[in-house]
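What follows is subunit A paired twice: with subunit B in the first complex and subunit C in the second.
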Partner chain A sequence: MQIHPIIVALRRHKAGTLLIALQIALTLAIVCNALFIIHQRLSHLSEPSGIDEANLFVVTNLWGEQYSTDEAAAKIQQDLAALRQLPGVDNVTPADSYPLRGGGWDNFITLKPEQVSMTTDASVYTGDEHFLRTLGVKLIAGRDFHADEVQNMGLRQNFVPPVTIISKALADKLYPNGDALGKPFYSMSDKPTTIIGIVERLHRADVSTWSAPYANESLIWPIRMAQPWGVFYIVHTKPGQLDEAMREAPKALYAENRMRMISSKDGVRSFAQIRHLAFESDRGMAVLMSIICVVLLAITGAGIVGLTSFWVGQRRRQIGVRRALGATHRDILHYFLTENFLISLAGVAIGVLLTFGLNLWLVERFEMQFLPLAYVLGGMVILLLLGQGAVFAPALRASRVPPVEATRPA
Partner chain B sequence: MLKMTHLSKVYRTEVVETYALRDFNIDVKEGEFVAVTGPSGSGKTTFLTIAGLLETFTGGEYHLDGIEVSQLNDNARSKIRNEKIGFIFQAFNLIPDLNVFDNVEVPLRYRGMKAPERKERIMGALDRVGLASRAKHYPAELSGGQQQRVAIARALAGSPRLLLADEPTGNLDTQMARGVLELLEEIHREGATIVMVTHDPELAARAQRNVHIIDGQVVDLAEDPRFHTAYTAAAGQIRS
Partner chain C sequence: MISYYLKLGLRSLRRNPILTTLMVLAIGVGVASSMTTYAVFRAVSGNPLPEKSAQLFAPQIDIWGPQSRAQGRELPDSLSYTDAMALMRDHKAKRQTAIYPVGFNAIPSDVSSEPFAVRGYAAYADFFPMFNVPFIYGGGWNASQDEARAAVVVISDQLNQQLFGGANSVGRMVHLDNHDYQVIGVTADWNPRPRFYDLNNSSGFTDAPDFFLPFNQAVGTQTETMGDNNCYGSAGRNPGFDGWLQSDCVWVSYWVELSDAAAAQAYNNYLQAYAAEQNRAGRFHWPANVTLRNLTQWMDYEHVVPPETRISLLLSLGFLLVCLVNTIGLMLAKFMRRAGEIGVRRALGASRREIWAQFLAEAAMVGVSGGLVGVVFTGIGVYGIGLIFEPDIARLAHVSAYLVGLTLLCALIATLGAAFYPTWRASRVQPAWQLKSN
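Here is the complex of A and B:
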């Protein structure tokens, strides 16, 4: 190996060497953190929601006139009956929100009424005795709501129901010993609510980054929201009937009562559409980060190609001398590959420090998670391979310099 | 040691063929010190580059230390250059990024020699040319004569069978040139085979034998009285 003379020679070309090493370092820092963000965002896209998304759609129904709570509740019952009569519909429930909606109601949760800081944060869903079955959520402990437990809630009304169903993630957070069933908790009220059922998984309504640690912490209250402006109808269809039911649902509702607005554009959405919309910003961020990574890697690769090509041109006579002194094509190729590897190694070493520094800053400023070591190792391998790949063509050119070059005038 | 028979070197372009060497014959015995002279463009340097396996030839035969080299591949030619030939160039051709020690080490590394042996040979060669104390200096910190001595040390370190020198004093002043020449003579006295290309008659006169090239062919000096007179006079001056 010719490491010593290469290092000695590089010391005489500090500016170019340092420039490329720093470029590699910066690229490593940005690419590692960007890849981590991309992975986080992409894994977000396929996060399970706990509901039967394939057979569900949501109708956003806005009333055409102001209803009182009781009137709205009555209209909702009529609509539910109309929807249930559709041949493709299996079940339907009214709701004020639904998983992956992109926003909704969430409450701080405590275990004691006087507790100042929250134990956790949970997404709040309201639903009737059909909610779990309609959404296809799996009850793993306790029971579903009884019809007589469900209360109407109208405008400016606020109460905490005595019973609640929560997700397993929330149950585990509140009672880590696995004995949550039958236990109370407090949700921004001094009145407790008792856990009567636990569902396997129920994703929050919002999908924002801040709520990622609480992604599956949800609770369902036995409340039928009867707001004057409108309601969501979550409809579960029979297998293979989704498209047909989505087409028929607005017709059935308009036939029941024309004083409503269901947007022809987005008034009826399948969960595939809802999921797509929910993670649009994640997808956008992943694409943006990917572009940044590719551009940075391309610039770094081009920088290495440029500098090595310049050095090969500059050292053409020197290469000829080496060939005259006995270097083979392979020796010259190895020389430039080794030289690049050493520069890349130095860049990667500085880059590791920069990577963790950048991650720490992102953690502190943007609540990002700590970067797993695998990303840094992966980034190091990518940069080292990029360096070797970028240097290969100029190194090959260098290896083809004939030994007679040593005798040509400088 | 070095035998070329009916050797030719042709440079071809689309419209013209130029013979750099034509029906070229030379036989250098082991231990000889041969000066190759001739006017500019006569083919001296082409002869040297072919002799040093720096480039290939078009026709004829070339035996180096008993090996017919025309069929050798690049790796084999590199190996012979590394093990059997020592080069001394007019422009010294030291690597400016490496210090004296590392410069002398270059061919030894390509030979795959172990570090202790390399060090011993390098210091021995530098001692021989009187530059052991300058091992850590860079070429730019040395005079032209010292740089050429380093180049000679580099050529000697590998114990080559043949030393090829291309105008070794061409870039040196008279005093430095004399020093380098004395060193070459000393090396020759110790048994080395040296082929030196020069257009300097004074230098050529110091060699054991002169070979003159004109238009790519070796000519007999005795047949051309002008050259004979000039070289004899120069040689007489030097020896006196």
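Here is the complex of A and C:
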């Protein structure tokens, strides 16, 4: 197949050629960036939390009366006992936050007490001796809390427990040599806290982009929060009994003490629901970008079909002449396929520049990451294939033009 | 003549239904995607209080010093209790209020109904005139009630419905947590979005607050903030509620009303002087650093428009651009295919201008049809946007006459813009060539 005559012929269709190339270029730029956004958002969606999500749910319990710290602590113990009575319940822990909740408590961490700028930032969880077992977090070094280490903390009380269990991500950030166990750090206090345990993974409570540099950096303090407003109960159920336990838990709590509020709308949430809520905007973005990609590719494909069909109609006589002079069906088919390939190649070449331009702009304005080359290569292949696929039907029609067309007026 | 052109256009569009459908669909889909994302963008970036936005300002004070802004952080967007109270005492603005979000259990007087959670704000008397809060019964409290820590409350229309069946409840009592409050006013349905005065705590698109009560009263009863509390490195603060109040933790929103630029400048100078004074007094060990932003600047600063919304709008516009390039190509093909016909019309005396008008009329028909398809798709898009964006934000976007009009206009302008080159080419057809080749 000779390329030269195709290029000469294209010179007579400058505008059409340019428009197809431009459309392919713009489509490439948008599709590549959209695919990258989709991938990023989806990987966010499936971020592991380190906890046994399938068998966990959370009860948001608001007190109906204002309790002092001691009263609240006592009420919590009664509630825990009531929840443990339920047949489907395996373990319960009171908490003031949980992974993927959004927002929450986080502290600056330093390695020295006099240090003014932070070493890193950790999501803070408070938990009793049941916290790790209830959440199903895997302890990889050290030990769990002893019951006598757990202190009650009321409203605006301010103390730093002497011991803590931290996530591996935080341990590695603080002590990169892997010897964090038994070492101290400071957390917005001049008193140190000593690492007595390290867990494999514990997602932060916060899910916003702000937290991205501190991914999975969390610490647990042996504290039982006894706040006047209320408490979260994190409940671990026996396999297969989640739904049943979620129905029974509020009933059991109300039966135990009526002066509380557990919202019928969102007072009891499974971790599947919590995860769904946490990444709602990520999922939405991925869906929107997918729709844009699919429709955009469809429109570009349809545009190529339309324009090529027009060209075929316009050149029936020339095709007839070529056929009369000995060109086979296959020659004609290849002519149009090659023609489209050349145009697409030009479009893709311009498109690569546009793609990186758009990405650079997104990086600057929206703190996106740089586009990996694989996406651009993938996008190029998709568009070249799309072009060939779109041009195939008109090209096939062209190849069926009989030689006798040469004798007919245009 | 126009009606003749339109008739010709219709005939031509009918002759090639697939190409026509493709053009109309491309325009419709392109316009609809842009309009849907624009509807969301407009909903979240709208000015919540246009009549006052230039006179309302939020101050910031550098309370933690330059080292707190390593890692690209900015000045805290709330004040500490200490600073907020100092600013309230100095009373340098026309109106001013400290604000923080609080939550209570409302306990109905009727013992058979269960308590329920309510959320609202603790604020000063100026809050209501500053933000033009509309009342259906009564009004806000006054400055002397602020001083006296009066146990009064302004409740929302909705809470009034819930507690008093919508009757005039001024003077009645409301039981919130362990305290009784006398209703002093009932607001009309009031929920500016975004809720500019709470952007430091929330995304600004949540349900309307249930009540407002005096700031001093809320602090006096040791009411916890339901918003953010940020204690950069405030190590060694005293325990308890008072220790927290005296600490350098920031959690108080602060707004001032200043009538003109001169007043804003004067207030900015005052803030500078205040921070400098703190430096001299040994509280801040760094030079005074303050900002004063008006409402719209504050919304930008707080990134009210989520990046998702901006990126979506941007890519939708790109999408529209591709659709238009597509339309240019298809129109060019369609028009040039009729070169022969154009040649005949030109030979019979039609001017270039008339040819141009004829094809533009045809393009306008595509544009209007594209717009109508676009309106349908926009409707579907706005309806479906709740599946994509966070419900709080998505439900703000709705199909209005404005949106429908904008969609049609946008489709028409875009199509005529796209038709510019193809119609120009059509009008340049050389009659002699066309007649000869036949």
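Note that the second predicted complex is superposed on the first by the 393 of 410 C-alpha atoms of A that agree within 3 Å, B and C clash if a C-alpha of one lies under 4 Å from a C-alpha of the other, contacts with A are read in each partner's own complex, and residues count from 1 in each chain.
In the analysis below, a residue touches a chain if its C-beta (ideal position, glycine included) is under 8 Å from a C-beta of that chain, and two chains touch if they have at least 3 such contacts.
This is a predicted model, so every value here is computed, not measured.
After overlaying the two complexes on the shared chain, residue contacts for A:Asp331 are found with subunit B alone; subunit C is out of touch. Look at A:Gln314: by the touch rule set out above, it reaches subunit C but stays clear of subunit B. Touch counts on subunit A: comparing subunit C and subunit B, the chain ahead is C. Applying the stated contact rule after C-alpha superposition, one finds that A:Gly306 touches subunit C and leaves subunit B untouched. Of the two partner chains placed around the shared chain by superposition, neither subunit B nor subunit C is touched by A:Lys14. When the shared chain is aligned, subunit C comes close enough to touch A:Phe366, but subunit B does not. Shared-chain residue A:Arg322: touches subunit B; no touch with subunit C. Shared-chain residue A:Lys265: touches no atom of subunit B or subunit C.
Across the two superposed structures, the residue set of subunit A contacted by subunit B and also by subunit C is 409-410.
By the touch criterion stated above, subunit A contacts subunit C in their complex at residues 15-16, 19-20, 22-23, 26-27, 29-30, 33-34, 37, 62-66, 103, 108, 113, 116-118, 155-159, 188-190, 227-229, 259, 261, 263, 280-281, 284-285, 287-289, 292, 295-296, 299-300, 302-303, 306-307, 310-311, 313-314, 358, 362, 365-367, 409-410. Note for the complex: subunit B touches subunit A at residues 45, 48-49, 52-55, 74-75, 78-79, 81-83, 87, 89, 91, 93, 95-99, 102, 105-107, 109-111, 154, 166. Across the interface of their complex, subunit B is touched by residues 2, 4-5, 8-9, 12-13, 317-318, 321-331, 402-404, 406-407, 409-410 of subunit A. Every residue of subunit C that touches subunit A in the complex is listed here, in rising order: 18-19, 22, 25-26, 29-30, 33, 67, 70-71, 103, 105, 107, 114-117, 177-178, 222, 224, 228, 231-241, 243-244, 306-308, 310-312, 315-316, 318-319, 321-323, 325-326, 328-330, 332-334, 337, 387-390, 421, 425, 437-438.
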